[in-house]
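Just so it is clear, A, B, C, D and E label the chains in written order, and each chain counts residues from 1 on its own.
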Amino acid sequence: ACGSGGGQASGDGEGESIKLGFTLALTGNFAFMGEGVKEGVELFFEENDYKIGDRPVELFFEDDAGDPQKALKNYQQLTLNQEVDFLGGGTIGSISYALTEAAEKDKRVPIINVVGSGNSLSWGDKSDYVWRIGFSSLNYAGTLGVDMAENIGKKAVVIASDYVAGHEQATDFSANFKEHGGEVLDILWAPSGTSDFSSYINQIKQHDADAVFMFIPGADGPRFVQQFKEFGLAKNYALVDGGSVLNAPSTVEAVGDAVVNGYTLSHYHVGLENELNKKFVDDYTKKYDKVPDNYVINGYDTAKVISESIQKAGSTEVGDIIETLKAGLSFDSPRGPIELDPKTNHPIQNHYILKGAEKDGEIVFELVRTYEKVQMPAEDPGYEKAK
Amino acid sequence: MVYLSTEILVFAIFAMSLGLIMGFGGMPSLGHCALFGLGAYTVAILSEYTANIYLLLGAAILISLCFSLVTGYIAIRNKGVFFLMITLAFTQVLFLITSRMKFWGGNDGYSASLTANFGFGEITSNIGLFYMMGFFFVLTYFLLKLFVNAPAGKVLKGMMENEGRMIALGYNPKTYKMFAYLIAGSMAGLAGGLYIYKTQFVSPALFSVHMGAEVMIMVFIGGMGTIFGPALGAGAFVFLQNYISTMTDRWPLILGLLFIAIVLLKRGGILHLLQFVATFGLKLFKSSRNAPVDKHVKGKEQAS
Amino acid sequence: MTLLKIEDLNKSFKALHILKGVNIEVNKGERHVIIGPNGAGKTTLFNCIYGTLPLSSGKVYLAGKRIDHIPSFKRTEKGMGRTFQKNNLFEELTVEENVRLAIMGKKKYRLNMFKPMQNYNDLAEECHRLLEEWEMTERRTVLVKELSYGEQRLLEIILSLSTNPEIILLDEPTSGMSPTETSRFVKLIKKIPDHITLVIIEHDMEVVFSLANKITVLHHGTAMMTASPEEIRGNQMIQEIYFGGGALSHD
Amino acid sequence: MLLFLMAAGLSIIFGLMKIMNLAHGSFFILAGYVAYSFSRSGMNFWLSMVLAVIVISIFALIIEKLLISRVHGSETDQVLLTVGLVFVLGDLALWIWGGNFLSIPVPALFDYSLDFVGMTFPAYRLFVIAMGILFAFVLWYFEAKTRVGMIVRAGVDDMEMVSALGFNVKIIFSGVFIFGAALAAFGGVLSGPILGMYPMMEWEILVNSMIVVIIGGLGSWKGAFIASMIVGFVDIFGRIYMPTFAMAFIFILMVAILMVKPTGLFGRVES
Amino acid sequence: MIELKEVHSYYGHSHILHGVNLQVKKGQCVALLGRNGAGKTTTIHSIAGLVVPKEGTIQFKDKELVGRTPNHISKAGVGLVPQGRRVFPSLTVKENLLIAERKSISSEKQWTIEEVYQLFPILKEREENMGNELSGGQQQMLAIGRALLLNPDFLLMDEPSEGLAPVIIEQIKNIILDVKKTGLSMLIVEQNIDLACCVADEVIILNKGEVVWQGLPAELLHNDELLKVHLGV
């Protein structure tokens, strides 16, 4: 990836430039997340003249294609060769874990975990050096479990990608769903890279459920959504998505009206009525000619956290920044108020339940319910693992 | 830079080992990374119990040797693409198994923390690691060199040319192929083991098709049928990958064009290209100086 | 003394029964020529003796020991050499390299992994001697694929001799050779020491009669008759099935 | 059946012509991308399919003339060259169409599903199955009723000799190569509404079709057809009973088959 | 019918044919003799287009063949029985024949597969076998049959008797004589001097890429000196 930006425009040469490195999935199955984050970061610094305080900013983006091995290579390259001051990364859970481990050992740079959703990053595997800006599995799936039981239906089939985040989501969803009177009829695991879901769909059809809870990130997700409709399931089951796949612009573009009437949860919604969001959406649309999703906002807020913490700490020393973050950081984001909780290194944020709809020939997501200031529990609730 | 060179050296060992079976044995393995990965996993996992580098690397070699023994036994019966697909199959099965090994990190990979110590102090610095890899590189290079020039190596090459005739001359093809396969396998295991000292992390991605294809590419672009070629290919590949990718997003494009260029220039790889340039240069030199350099060039060509 | 003994050998390719109970004995030092019409099964017989093809049934003995169950490369170790009807050489290697590989087939050090090939003096010497003997020294650095057909045939034979065999199976060694080369070849073959046994498939009658001291006629997969050259020449039936009359005119 | 659509083109180019075309998957998805662009610009499915196939065929022609024809006979060069192509094409596709999952809308004609003994069959899938059978028929015709298949096999054995028999081998080889690429392109567009397109998909397609062609045996469309059925079944059952290892079963199946029959189910034994 | 003038051919840098001149008239059969490596096959290849001469001309029925591709030359009516048979191993015997079958452009005699089978009944028996499952001699028969099916006006035969049993050689001799009667012109390379002299109207001896003698078969057979020096008989 290319190093872009730099404060050359100002030309005053005041202060050494601040180097920020990112390792993101820019290709492969998870590229839709990496791309969004990258755009968000770039948008933020463009709005801020590529400056933090009065020091110019240099950005380095590296592609890890969703592979922890590559991400670690990038991490070494960025921290050793480019000597970046701050790192962003972790498009998927496994990368977040790997990065966290490395950061904890080297104690070289602070890291913003951009999307990685592994629960234990807030508990046992928590590191002072790594702060989450997105969401954890429990954070999302928990809310959805409650909401679904209360508002959508009591009987559900779960289909999840067969990898760490998928298992976490299935577990956390099932537990919360059951606590609120729901019943999980079956859990199906689809390995990542599944392209033909027909055998799963025929299994789903054998259950008399109200809804299907899916967690299938990557290219598989849209495919599932499409086949869900193709096989006529959309008529009989409500589709509930736990990974913000449904509302991703790329999904909508790919599968069109197959997302209509599907539910998803997001910590961001384009239609939010606040000044920051209006500006954010305007700027973004102007620059990229599409609407932002919650990965863009993650990138945007990553940049915001980096900028805030460096300014507040008044230095780029790792130690200083960590202290600042530990003291608690909160700010207003286009997604609503946000507070980085030092107990879990996880944001306290609003959750929005969205529903796909067709309006004047366009596919949009409507805000149906809001859960305010949801936080990550400070300890593992110890749910029984979904099988 | 040191950091990159270290990586290059490890991959050079790895690529040379594949170069041996591909370029001298006619066995195109898309699953060579399985052995590398096994070596890596072995060291990573065992490092919980011991820090003795001799034991760890020994174990890495041993495990990959055993695996080569089993898979080699099956794969050697097939040739060409069939060989390719069978080796790919083994790797994929390992990939799926390691992805499911929750205990050792599964899909997330597994971090190890270990420092090399050969009995004369810990190697902690990057430059230290570099020398360590360099040592192993030189060692394996000379071993391979000896091998291909020795009778066994020549026989292997004859086997690749015309197996039927070799049999009629009293050679058992399986012995030699197996031999080469085992050597390559243990070398790949060693490379994998060494790799962990650098990355301190293993993940199933080591067993992915991409990994397998990448080494194959290194061998190809370096020059098949030579020992040093694959090492050079590894160097070029790692270097370009790192540098081009910091300059542009279009790294695969450039890599792809590079391949096509190599093929169209009708040379076997970078090494051959260099030789060509050298011979050509020397010819020019000769024609202007009229010196008897021709023999010299020939000798060099054969030495590679 | 019987060196090679073939007992009731059968070979079928799927439904085609090609060799039907062949019995042949070859004595040590013999020049045993096998003749027979095209498709009689001569090459198939060689393939079965050498183990290139598995037998359907029957036994093959070499120096009194059964060898029909051992892999063909081991038969080379036990002293068998062969040439192929269709040239089967290492085309990308030079003549010399071809010969070296062949000589090494019987050397103990062929599995040696460390000592460079050039350092084996016996190898170089033997290679040199063979090439001299067969008048190929001049061509030693030429790539095999650039040799003329006749030269390649010659090299086939050199290779089979290089393994130091007790018995050599030659499959149509002179086919494609010009009369000049053929007569040179016959001369060279005659120089092969007596203790080496030769079994030869040949269609060129001049060659047959100038080399053979025993002839087997193979017809439709059976060994019709094994006899001295004179007897064969005098046999009317063989004249008909094989020579079609007239072809022996200039003998 | 999708598997067969994937493998049909490869079974010609690789199985019959023995050209190690690793860019097979690239042709496949490129056709999908191109058809996507056409259908985006308002064209209907069928027209964009035909156009995409034409575009890919022309493209294949250029590739064949410019690159592949120079490396006849050398497997190594073919591998290197076509791997190069995979990278180049993949990156170009990424450049043009971006890294997101894209999909072609199901043609309106087949946008419904049928219920049948408790199972649902989307009409489009039935159509794809029908197309698969059509493909098989085309291949059968190609092999049995034209001399081209024969000439190609002979050409692989001894190109010079075939041209000495009066055939313009170069043109025939180009033609067959394009035919194979066109089959791949057809497959790519047809599977577009089901599988969609995304970066790196070419490798998956390639590996899958390789497995099918190898299990079936080189040069045999029958083999490819039957192998795709077998692999399909193993895959479906694998997914139901042991989802994560479904792929492993397929690989194990392949190894097992090759152990018993080193040339694949219908492969010819070569001497 | 065909005339070669000052043909120079090369393999890479090695100069093989040093100005070969020869002529075959309509209905004539010319035999080309010479030691191994003399350049006989190279001459055949130069005519068939498998080797492109760097200098010289080859006129065939008033058409220039130099620079044309093998398929053009074949279509113009030149058939080839190559040295070493070169049957297609991955085609069945029948396919090996089918692939060559075509209508003649001028000669009235039209060979059919059935006729080839009559000539060599064993090919019919082995119809479904692969090309490489034939014995050496059977492959030679197949190669001859294949060339006949091209229904050429001019037939190049490179050592047609190689590897054949005397009976079959006798048969081939008759075939050649028969074929000659149909007006087909031929250039035959042979090592079997008896066969060559029996069928040929004219004999040419090649040595080191040059024509060293040319004359009638009878002359050759009575010229012991010539036989000894160039052919080693």
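Criterion: a residue touches a chain if its C-beta (ideal position, glycine included) is under 8 Å from a C-beta of that chain, and two chains touch if they have at least 3 such contacts.
To keep track of the chains, here are their UniProt names: B, D = Branched-chain amino acid ABC transporter permease; C, E = ABC transporter ATP-binding protein.
All values reported here derive from a predicted model rather than from experimental measurement.
Common neighbours of subunit C and subunit E (chains touching each): not present. Least step count on the touch graph, subunit A to subunit C: 2.
Farthest from subunit E, judged by the mean position of CA atoms in each chain, is A. Seen from the C-alpha centroid of subunit C, the farthest chain centroid is that of A. Note on interfaces A-D and D-E: more C-beta pairs are in contact across A-D.
Subunit B and subunit C have CA centres that are 42 Å apart. Inter-chain spacing, taken between the CA centroids of subunit A and subunit E, is 76 Å. Per-chain Cα centroids separate subunit B from subunit D by 31 Å. Averaged C-alpha coordinates put the centre of subunit C at 47 Å from the centre of subunit D.
In subunit B, the residues that reach two or more other chains under the touch definition are 99. Of all residues in subunit E, those touching 2 or more other chains are 133, listed in ascending order. Taken pair by pair, the chains that touch are A-B, A-D, B-C, B-D, C-E, D-E. Listing the residues of subunit C that touch subunit E in their complex gives 13, 35-44, 85-86, 146, 148-151, 172, 175-184, 203, 205, 241-248, 250.
Only residues 28, 74, 77-78, 80-82, 85-86, 88-90, 92-93, 96-97, 99-100, 209-210, 213, 217, 220-221, 224, 250-253, 255-260, 262-264, 268 of subunit B touch subunit D when the two sit together in their complex. Across the complex, subunit D meets subunit A through its residues 2, 94, 98-103, 105-106, 112-113, 115, 118-120, 122, 124-125, 193-196, 198-201, 204, 236, 239-240, 243-244, 246-247. On the subunit B side of its complex with subunit C, the touching residues are 146-147, 149-155, 158, 161-162, 164-173, 175, 179. In the complex of the two chains, the subunit C residues touching subunit B come out as 50, 52, 71-74, 76-77, 81-82, 84, 88-93, 97, 100-102, 104-107, 109-118, 120, 159-160, 162-163.
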